[in-house]
Structures are given as structure tokens and as C-alpha cells.
Amino acid sequence: MTDTASVKAALRAQRIETPSWAFGNSGTRFKVFAQEGVPRNAYEKVDDAATVHRFTGVAPSVAVHIPWDRVDDYAELAKHASDAGIRIGAINPNVFQDDVYRLGSVCNPDPAVRRKALDHLLECVEIGTATGSTILSLWFADGTNYPGQDSIRARQDRLAEALEATYAAMPGGMRMLLEYKLFEPSFYTMDVPDWGTSYAHCLQLGERAQVLVDTGHHAPGTNIEFIVALLRRAGRLGGFHFNSRFYADDDLMVGAADPFQLFRIMHEIVQAGALDPAADVAFMLDQCHNIEPKIPAMIRSVLNVQEATAKALLVDSDALQAAQDNGDVLGANAVLMDAFNTDVRPILAELREEMGIDPDPITAYRRSGHHERLVAERQGGSQAGWGA
Amino acid sequence: MTDTASVKAALRAQRIETPSWAFGNSGTRFKVFAQEGVPRNAYEKVDDAATVHRFTGVAPSVAVHIPWDRVDDYAELAKHASDAGIRIGAINPNVFQDDVYRLGSVCNPDPAVRRKALDHLLECVEIGTATGSTILSLWFADGTNYPGQDSIRARQDRLAEALEATYAAMPGGMRMLLEYKLFEPSFYTMDVPDWGTSYAHCLQLGERAQVLVDTGHHAPGTNIEFIVALLRRAGRLGGFHFNSRFYADDDLMVGAADPFQLFRIMHEIVQAGALDPAADVAFMLDQCHNIEPKIPAMIRSVLNVQEATAKALLVDSDALQAAQDNGDVLGANAVLMDAFNTDVRPILAELREEMGIDPDPITAYRRSGHHERLVAERQGGSQAGWGA
Amino acid sequence: MTDTASVKAALRAQRIETPSWAFGNSGTRFKVFAQEGVPRNAYEKVDDAATVHRFTGVAPSVAVHIPWDRVDDYAELAKHASDAGIRIGAINPNVFQDDVYRLGSVCNPDPAVRRKALDHLLECVEIGTATGSTILSLWFADGTNYPGQDSIRARQDRLAEALEATYAAMPGGMRMLLEYKLFEPSFYTMDVPDWGTSYAHCLQLGERAQVLVDTGHHAPGTNIEFIVALLRRAGRLGGFHFNSRFYADDDLMVGAADPFQLFRIMHEIVQAGALDPAADVAFMLDQCHNIEPKIPAMIRSVLNVQEATAKALLVDSDALQAAQDNGDVLGANAVLMDAFNTDVRPILAELREEMGIDPDPITAYRRSGHHERLVAERQGGSQAGWGA
Amino acid sequence: MTDTASVKAALRAQRIETPSWAFGNSGTRFKVFAQEGVPRNAYEKVDDAATVHRFTGVAPSVAVHIPWDRVDDYAELAKHASDAGIRIGAINPNVFQDDVYRLGSVCNPDPAVRRKALDHLLECVEIGTATGSTILSLWFADGTNYPGQDSIRARQDRLAEALEATYAAMPGGMRMLLEYKLFEPSFYTMDVPDWGTSYAHCLQLGERAQVLVDTGHHAPGTNIEFIVALLRRAGRLGGFHFNSRFYADDDLMVGAADPFQLFRIMHEIVQAGALDPAADVAFMLDQCHNIEPKIPAMIRSVLNVQEATAKALLVDSDALQAAQDNGDVLGANAVLMDAFNTDVRPILAELREEMGIDPDPITAYRRSGHHERLVAERQGGSQAGWGA
């Protein structure tokens, strides 16, 4: 049995982190469509993240991407965030956009390139300290495009070396989250293609190294909630990069392609006690709003995670376990589906009113005139995008 | 039984078309790595295509992409090609890189955008006439990213309308090849996602509308040679965009990921009598050399198609059919594998010597100093890429 | 705008067909787990289908599989169905379980085998006439396991020949639905692997040949609702075999794996006016209840289709089209999601009460003691399964 | 540089294990086609394995499946094998064909079922000791079909418990190989779906627990050779179940679907020094010859592995590493392709003559009349299959 009060309490405590880069322009290799009112620097991206938090109440931090969000004074950026009602979340180093990274960064056959990449990782540890961030979020575009191009084993050795040096440099309160991805931008091997590879490296590193699950980074058919349950059981679930996909790493709004999958993931989270902020599982968004306006898309995404969470909280755990223990296949499935089929929008509207925000964030944002103000104000300068 | 002379004759008659855009810079959404010596305009791309032909002897035409290869005088470009020993092949309109195409081109809900896109298609028909091209090669990035975003049916109606207007404008000697693609850059629906959709439109248009098979545009597990056999049987196989992939539309060198698949495709071609230039099946490359040097990668790709073709020509058709008719599963498979397992490099070396070119095109190119000359000469200006 | 009365009227008119074979035992190649109370012949399977109809009110016909449902007197079987409140639906010939079909049926290289298979198809046309069925539902296990094993083209020719002979034998009121499947039980080629192949054959045959979409028969990533929209636009959508899958042709209960996909499919159906029985689109289930009890699983499946349909009927079409026409990506998606997120169980409970059946069919069935009666009665004899 | 003598020496030392069950009948859920001359018991299966060894010279052991190969006296079976020139290889417990395993074996929610399954595992440890086998090869069909059906975590706990008890019972010279599989026969979760899960359990168990890679058990797009390299680097590559697939777990002859992939896998093996029998990597076949004759299919499969190995041995490792170290993408790829494109049949024919066997095993088997003798002799009794 579930009671409304405890469901609401859990939802009120939920924390979803938005990514600075999703407020800038993005696209595919075919075209980046520029949008109006897009931020031009890290400060404006932080402003947009704060806007999302203001309308949703559950998005109080923003992940940053270095060098895209490079500033002269990170303490000042942290203060800017704080003044806007949020804080700096995960630090994401970028070791894939410099020309020297053509054949990889920390796995590059050239030791000079590896050194440069490692230096950037170490710099990001420092930026984390300066901004009060507790998460170093690592994703490597490293890999190869052709069979034979490089030694799979040698690249693993190089990867391990860089991870160890970075881990060693991290202060005690910082965690390293190691993300994996099946393919893109490398098309034959990725050096961290799956959760197993990430997990194996984390075990070598130490307890503050954990796996980051990006929901769009798997082979077709992969059961993501299984991975979530497994990693949580092993104490190595560091967090999520939420987004959704029909095909590959489409980076669509989370919940847009398969809301039932998102619910199943959140069900494993709830069952494992991992929703509680004390569980130190980071719920981060990582999306590309290529054709839709970015702030409302981000609000929608936060709501989608929230709705999936609410449904997961409504699962009657006792009834579920009873059916499972009895081998009642249809009964157990029905308990889960009952929660999924429930319309949770009313309870979320109630919650928002209790939190003092508008019960309908999307409409409220549209009505607010904020978008029109941004379009008017953000004239000139160069719009933020993946390259800046 | 196959005899060497007829195998060589077929190989000597083979025609493989290179794409102008593969000589410019390309990359992923994460990064375009610039290379040295890359062409800066359509003329230099044609030069590079001519170089590939000079070293391989079987690549006498180059496909162009408009507006990437826009010039003031297309007759002059055709003459430039001719002077260099090749000719202009397929004309590829581009209706995906203008800002107005955010929600599609010929399928866009806005009639003004559709009109603009159609005008470009019609312009490309004229460019085809001006350059002596007989192929209008159509690929549409059109589609949607989110369920509900647009009406699937309405978009089909708009597509049909644009295709009809374009087909009507084509001179009698021109064919329209309609390419399909499962996903990217659209991530929920593509308006021409599979061969069936392309085929259905071609049937409506007329006999000079045919399907273009890009070997990287299918769902995992799709049997491409089956599609090839089917389309050829129906008289609607217009041609190929060859490349290879391990995951999605990776656009790697053809034959690099699955040489056995390429052989099976060429086997269907040979069995169907479609290798003969008179069969009007266009064998075109469409690749992205993101990390490897472009001209040698293109030479290698031409050789890979040639080797697969040679093996397909070596299949003992009589023995194969006898085994098939007898229901001898292992025997029939063995006939095919015997051809695949044959090392055809010696016979190809012989052929090249008979054609008066170096038997080892890769080594010959490396030795020629051509690359170094290009790097030295092509200084300044702006390098060609997907955006130009 | 949608109004409750018209939604209910549409739901009341909906017809979902259950398959006789899903009431018998089924399994994987690893194991068929026998269940208690399973029917032992065609009559008992019809009884079970009638039970599903009694509890749901929208499943008034049952598809049969020949020879699994072979009886001496088909008119008598039809009368048995009629007495039980339902009718015989689609006739499904089976040309894959005889030893001679090792290398295929109508595509077999051996003409004697092809003749035998064709004779069976023709017999099924007669059974259709005898039972009052209007649908001949064709699925061929035909294909090859190894490259080279047989000629893809020759097999297409043989297929076309058998289809023509069968089509010619059908009475004027009968439709042929041609199903496609990507793979299994053949693992290199299937002779009808995709909708395009089925569509091409249907076009050759005539207007009463249409494509049958089994929702579990596609490559990963295939957009099924796109195919549905396309076929309906072309007048060739014959019907569905509903089931769900996470991986391959898992044949799980429809709606169990991806309820949002099922909703999107039903949305295309509703938009295309294809829900109306007059539209002659057959909504059939085709599932395997390997581990769960069969009658309640079938009831659940019918409800799942009904719930998806109800949600699709709730889509605000005017608002959707307005958003689509305006290029409002988020707005259009939101209209669709609003309908999907609605809890339709209350309106369906109301409808059932109006129809005079229990508002909660699952619980009603469990309470009815029907299962216990079947277990007690169906002792002895041999249980029905895929082989009988 | 590679020299022929060392290549031949490595090939002569190679050991490929055949599976007893592949000599019996097999099929899909749709049909098991019976073949003539199929063995009727474990002794005759061992005879067939010995026949394959006699014609290939590199297949000196046979894996057994319990209870399919249950005999009264395992020492006698071992002696029968020894007399026939081979030995008993891996012991494969079967905990999926008893009716009580409907909801799993060692992961079943019912402790009595788990106990029964564990008892069988322990019995197999004893059979291993009795037959002189050093490998306990574990594959679990365990999993769930529907979301919510059972607790993913609880099932992991039960799995760990059974593995620990089994591991503890193994004698010091025995290794446990834990196989993983993405799906089938379970269609929502498998309890060991990927190498990461297997690896995590092996780490918990101890050094004699290793991962078994079945080449048909992965999601589409998975890079198998990467996994091989990773596991070998971690000292946890226990061995292979070789077969090939176009779609799912098709269990076709190894090398039939993607010979280049097989070569890449063997390349990682050779590079990692894992071909040497002292490396304790088990090269086992696991296939289903549903439509082709079984003994010649197995001979062909052994030859396919051998040919891939020969090509891998021909890779010029020095040239490869030099190109890799220089970042020469095309050069490194070319070194690999040169080896793959080499026709290794002549060198293998030579090797066989040196080993005193026929240089063309397939033809030799056909000529031998062995098949006709088996058909004549193996009359009556019941043919072996997956159920016996």
C-alpha cells in the first residue's frame, strides 16, 4: 500500500539536474538549426537552468561542460548560480573537440595527446573544487573506426592509466562517474562501450568511481532497468543521463519515446531505495533540443521524469511482492501496470501548489512571456552551441 | 564454370562513381576534423575524383551535391571533368541545410518552404541537363522527431506532390533515384524510411523512377541483398550508395565492416545481369572519411567493390544452381564460399596491368607524391565540407 | 474535441479477434510448458474464445489454424461457434510443420512439395467458404538459412505463382491477407521479410489482397505506425496480428512491452478512419502464453487493445492538427501525450456496465470459477499445442 | 612477419570441441525436422564427434549435456570416447526442461525448485569428475517474460547463492564457465543477459570462474571481439560457444554469417596469446543443424574456425603495431585485411597431409560412405534431440 503523503514527500525531495549544453544550439551532422533567444555564455545557460527550476521546483542544479562553459572565475559562476537559486552540478570534461583528438584522447596512441587530455581532466577536478561540485562526469569519445586501426588492449591500458591519475587527484568528497556508450562518434570500437567495461574500471579505481547510465547509449533491445538494478545492487550506480531514443543516441526528451521504459527504470530506483538524495544517485538530463524550443522542452523533460517517478512510487510493493512470491505472473504484472496506468498529473498539480509553484509549469512558462523577453534581450554575441 | 577472360572483361567494364563530397571534410555531430590538402571548391573535388579514376581505372564519374558544388557555369564544370578524364554523374539536391528546413523540405507543413524545396529540385533537373547527367538522386532528411509532431499521411501527400512535379520536369533521358533511410537526422519518423516506401512512390511516378539503395540506411538485421534481388526483379533497382557500417549510418569505407555482405550483394547483381553498364544500375560510393585521408580511402573503397565483384563473378553458377535444385544446402553454400574464399588480388593485378595502370593502386598513390603536392598547393581558401 | 458518447460508441463497435492456437500449449524451442485446463480440440478452443468474448464483449470471432483445428465438419464447427456467441474468423493455413517443408513450402525447389502446399492453401479457401470466413490469412515460414542455399529470385517467382493460384480460387467475398516476418524460423532469408515484399505481391494479385501487420515481425527500430499509415493510405492495410515484444517475435501479450507504441498504432488507425468495422481492417491477436494462464492472458490482451484504442479516441484531433499546421512541435506532441496519460479505465468500466458485462473482466473471470471447472473437466485426451 | 612453420604449428595444436547435442535433431519452435542416421544415445553422439575429429584432426573432445547424455556409467562413456580417439569435454547441466522450471531454475521464487536445480548442478560436478572433465559450463534459461513478474534483485541474490554452492563443490582442477545470453527463452529479462553480469558473478566466486562467450548471444551491433579482448585482459575469458547468426541466436554454422567477424575474434585471441592450449581458453562449438546434415555441417564448422585462425595467424603483427603506433588508420586496417583476404585453404591442405588426414575433409567424408552406413545402421530406437 502506498499513501499520498509519502508519495508527495518523495516527489518533493526529488532532484533532477539539467545540462547547460542543452540550452545552447545543437543538431545533427547534417545541420544545426539556430534558435532565437539562445544563451551566449555560461552565465546565461545557468540563468536558463534556474528558469527551469523556478517553474518545476525540482531542478536545483546545472551540469557544466568544459570548455563550453569555461569562465575566468568559477567561484563567480557558482555564486551566479546560487544567486539564481540553483547550484553547479556535475563537471563534464570535453576531450573530443580539439583537432589533436582525431584518434582519441586518453587512449590515443600518441603519449603527448594523452598527456594533454589528462591535463584537462585534472583541470576539471580543480574546477569541480572551485565550484563546489561533487561529481566529475567522464565520457570519452575515444575509439576506432576500422578493424586493426589500434590495439583494443593497449587502449584499455592507456584508459586505465588516465583514470587512475584522475581518481588520485580527486578530493575525498568527489565522485567519478564513468559513462559508457555503444557507438558514435567512433564506429568500430568505443573504448567504454558498455556498463561492464565501465564497471570493471570502477572496481579497479575505488569506491568513489561509479557507473553513469545514459539511457540512449545502448544496443537495441538492451534492458536498461536490469542494468540499473544490477549496478545498484553492486553499489556502483552513480547516476543517469536521461534522454530518449527510438534508434540510436537520438537525445530526444526523456520519456518521449518510451514512457513505460522510463517508468520501469524509476521502479527499480524506488525499489532499491535509490530515489532518496542520500543514496547519491544523480538524476541528470542530457538531451538535444534540435528542433523544439529549449527551455520548455527541458521543463517538459523534468515533468516526464517526475511523472514516471510518481507512478513508480504508486506501485503497491506489498501486493507486487506477494504476487511475485506466488509465481503469479499476470497478477504481478497487473500490479505494475495499475501504477503505470494511473494518471498522476492531478497529484503532481497538488504537490506543486503545496510547493508554491504553478500546477501547470508548461502553460505557466508560456504565459510568463519569458521566452519573448529572452529573444528580445539576447541579441548580438554568438550563440552557445556544442562548439562553445 | 567461369573463365578468367570473361571475368576480366566484366571487371574492365565495371563503373563505380565517387562522390564529390567525400573529398571534403566530414565528421560527426561531435567534431569535424579538418585534413590537409582538402579541396576548396567543386573543381578541386572533380580533380580528386579524377585522381581516383587514374589510379583505379574504373571510377570514371563523380556525383555532385548542390549547393555544395554550386558553380556559375555547369557546362564549364562538365568540361573540367571531361578534361580530367571523367564526367559528372548523379546530381544530388540538398534540401536539408537551410534554416527554413527545420521541420522538413518537401514535406514541411508550411507551403512556402515546400515551394522553395521544389524549386531547388527543379533547379537540379536543369543542372543535370547542363552537365549531361542522367541521374537525379533524391534523398530527403524530412521526418519528425516526436510522436504527434506532424501527420504521417499528410507528409506523404506532400512528398508525392513534389515528386510528381519533379518527375514531370525531367527530360526523357533522366532517371530519378529515390533513396530511403531508416533514421537520422530525424529520430521518430523519416518520410522515406525503407525501400517499400520508395518503391511505392516510384510505382506512382513512372518507369524512370527507381529505388536507390544506400547500404548504411537499414535497420539492424536487414538482408540487403534480398532487397537488391527483389528490386531488380521488379525493374526498380536504380543504383547504390555504397558504404559500410557496424551500427547506424556510419558511412565507413565500403567493405570495411562486412566484406561478405558486399560480396553477397554483388552476387545478386551478377546473377541478375545487373553488372552490365547497359543494365543502368548505378554503383555509387557515399562515404565519410572522418579520420582517414580521403583520396586513398576512396581508392581503397573502389578496390573493395572491385574485389567483391571479382569474387561474385567467380561463383560457379551452374554448380550453384545444381546444388540449389537438389536441395543440397551445404553444397550450395560451399559453392558460394569457394568464390568468397578465393584471393582475387592476383587476377585484379593482372587486369590493371592489361589496362595500363599500376597493379597496386594504393602503393602507387602513396609513392606518387600526389598527396604531398596537394597539401602544398591547397593552402588558403576555405576547405570544402558538408556545409560548402 | 472528443465527446464521451462517441468515444464509447466507437469502443462498443470495436472487434478484436482471438486466435484458437493461443489457447493451446506453446513455448520456445527449449521447452513447451504444459498447463492445466488447456483445450484438447478445436471445439474446446472455440469455447475458450467464446469465454473471452463473454467477459470482454468485444472479441466475437476466433481465428483458426489448419491443420491444428482440423475437424470433419467445418459447418458444424461454425455452428458450435455461433451457439457459443461467436463466429469463425480468419482461416490460417499451416505449411510449415510437415517433414517435406524442410526447405520451404510454396517456395520449395521441389515442385511436388510446392504442389502439396498449394493444395493445402486451396483446401483452406474451401474451409473458409464452409465456415463463413471472409479472410484467408497467409504466413509462410519459407526462407533459407545459408547464403547460396537457394535463389532469392526463383523463390519469389514460385511464391508469386502460388499466390496467384490461390487468389484465383477465392470467392468474391474473401480477402487474402499476406503476412511478413523478418526472420524465424528461417535465419538468412525469409521469402516475405517485410511489408514492401508483401505489398508488391498484393499489388500484382488484385484489390482483395492486402498486407497483414504482425507487430512482432519487424527489425529493431522499425516504426510500425508509419507502416500502418502508409498501407492504409494505399488501401492495402488488411489487418493486424497483435502481440508485443522486447527482442524478436516474442509473442508476449499485446501492450505488455510498449503500451505507448500500441497507442501510436491505434492513433494512426483512428486518424485514418480504420477503426470502423466497415473499414475492413482485421484486429487479430496472435500470441503465445508460454508461462501465464491462457484465458486470463487473452482477456488482458483484449483489454490492452481496448485501452489503447480508448486513448487514441481521446486525442483532440483539432488541437493536434492546429499544432501540426503551426509547426508547434511541443504543442502537437503534448496533445498526443495528454490522451496517452489519461486513465481510461473508468470510461471502459462504464461502457462495460452499459453493455451488461462486468466492469472488471479480469477479476470477474477469476471469481467465476471457470478456470477451476476447466481444469476439472479437461482431463485425459491430449492437450492442444502447435503441433495439433 | 609470420613464417609458415610457426603458423602450421599453431594450427596443429589448435583444439576445437564439438557438442554432443548438435548431432541430434534440433529445430525451431515451429518444427523439428528429423534427419536420417541421427544418433540415438550418448554413445552414438560420441561416435559422431569422433568421426568429426577423424576427418579434421583438431576436434579431440566432445561436450555433453545432462540429462540429454545421461548414462548409467560415466566412466564407461569416458572410456568409449577414449577408445574412439577423443575425450569428454565440458559438462553442460540442463535446468530448463523440467516442468517445474517454468519460472526459472536457480532463480525461481520457489526454494524447492531452486534446491532441485542446485542438486542437478552438483550432480554435474560429480559427472565431470567421473568423466575427467575440467569444465562445468553453465547456462541458465532463467528470466522473466513480463515487467514486474519477479524481482530482478532477488533473482540475482538467488543466482549468486547457487553459483557459490556449486563453485564450492568443484574440485580444484575444474573451472566454471558462466555463459550469458541477451534473450530467449525469456523475453523480458534474462538473469545473465550480458558479459558484465557474468563477469561480476565470476569476480565474486573466485579465479576458477570465468566468462563463456557464445557468439550468438548478443544485442545487434555488439562488438564481440572487444569483449574477448577485455575478458582476456582481465584473465576471465573462459571460452567460446561458436556459432553464427544473422538475427538472434540463430545457431547457424560458425563463420557462415560473418566470416570477417570470426576472423577478428580469432585475431584478438592470437594477439592475446590465447590460442595456445596452455592458455585454457576453450574453443567449443554450439550449433543447430536444423536443415543440413549434421556431421558434414560440423566438419565444415571446424574448418571455418580453422580457416579464420589461419588468417589471424598470418597477420603481420609487427607491421600492424607499427601502423597503429603511427596513427596510420588505412595502413593498419590494410595489414589486417591482407591477412583476411589471403586464401588459406592451400596451407591447411598441406597441414592436413602432414597430419596424415585427407586435405579436403568435406569431400573425404562424402566419399567415405559413412553417412550411408549410419542411415542403414541407425534404424529403430528414438532419435536424439533436445529433449533426450
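A, B, C and D label the chains in the order they appear, each numbered from 1.
By our rule, a contact is a pair of C-beta atoms (placed from the backbone, for glycine too) under 8 Å apart; a residue touches a chain by one contact, two chains touch by 3 or more.
Note that the structure is predicted; figures quoted are calculated from it, not measured.
By residue number, over half of the touching pairs seen at A-C are also found at B-D, the match among A-B, B-C or B-D. C-beta contact counts were set side by side for A-D and C-D; A-D has more. Between chain C and chain D the centroid-to-centroid distance comes to 38 Å (mean Cα coordinates, whole Å).
With centres taken as mean Cα positions, chain D sits 39 Å from chain A.
Counting partners per residue, chain D has 103, 145-147, 182-183, 188, 220-221, 223, 246-247, 256, 260, 291-292, 329-330, 333-334 as the residues that reach two or more other chains. Note for the complex: chain A touches chain B at residues 26-31, 33-34, 96-97, 99, 101-103, 141, 145-147, 182-185, 187-188, 220, 245-248, 250, 252-253, 256-257, 290-292, 386.
Interface residues of chain D, counted against chain B in their complex, comprise 220-221, 223, 246-247, 256, 258-261, 291-293, 296-297, 300, 307, 329-330, 333-334, 340-343, 345, 362.
Remark: chain A residues 103, 109-110, 145-154, 156, 182-183, 188-189, 193-197, 199-200, 203, 218-223, 225-227, 229-230, 232-234, 260, 264, 267-268, 271-272, 320-321, 323-327, 329-330, 332-337 touch chain D in the complex.
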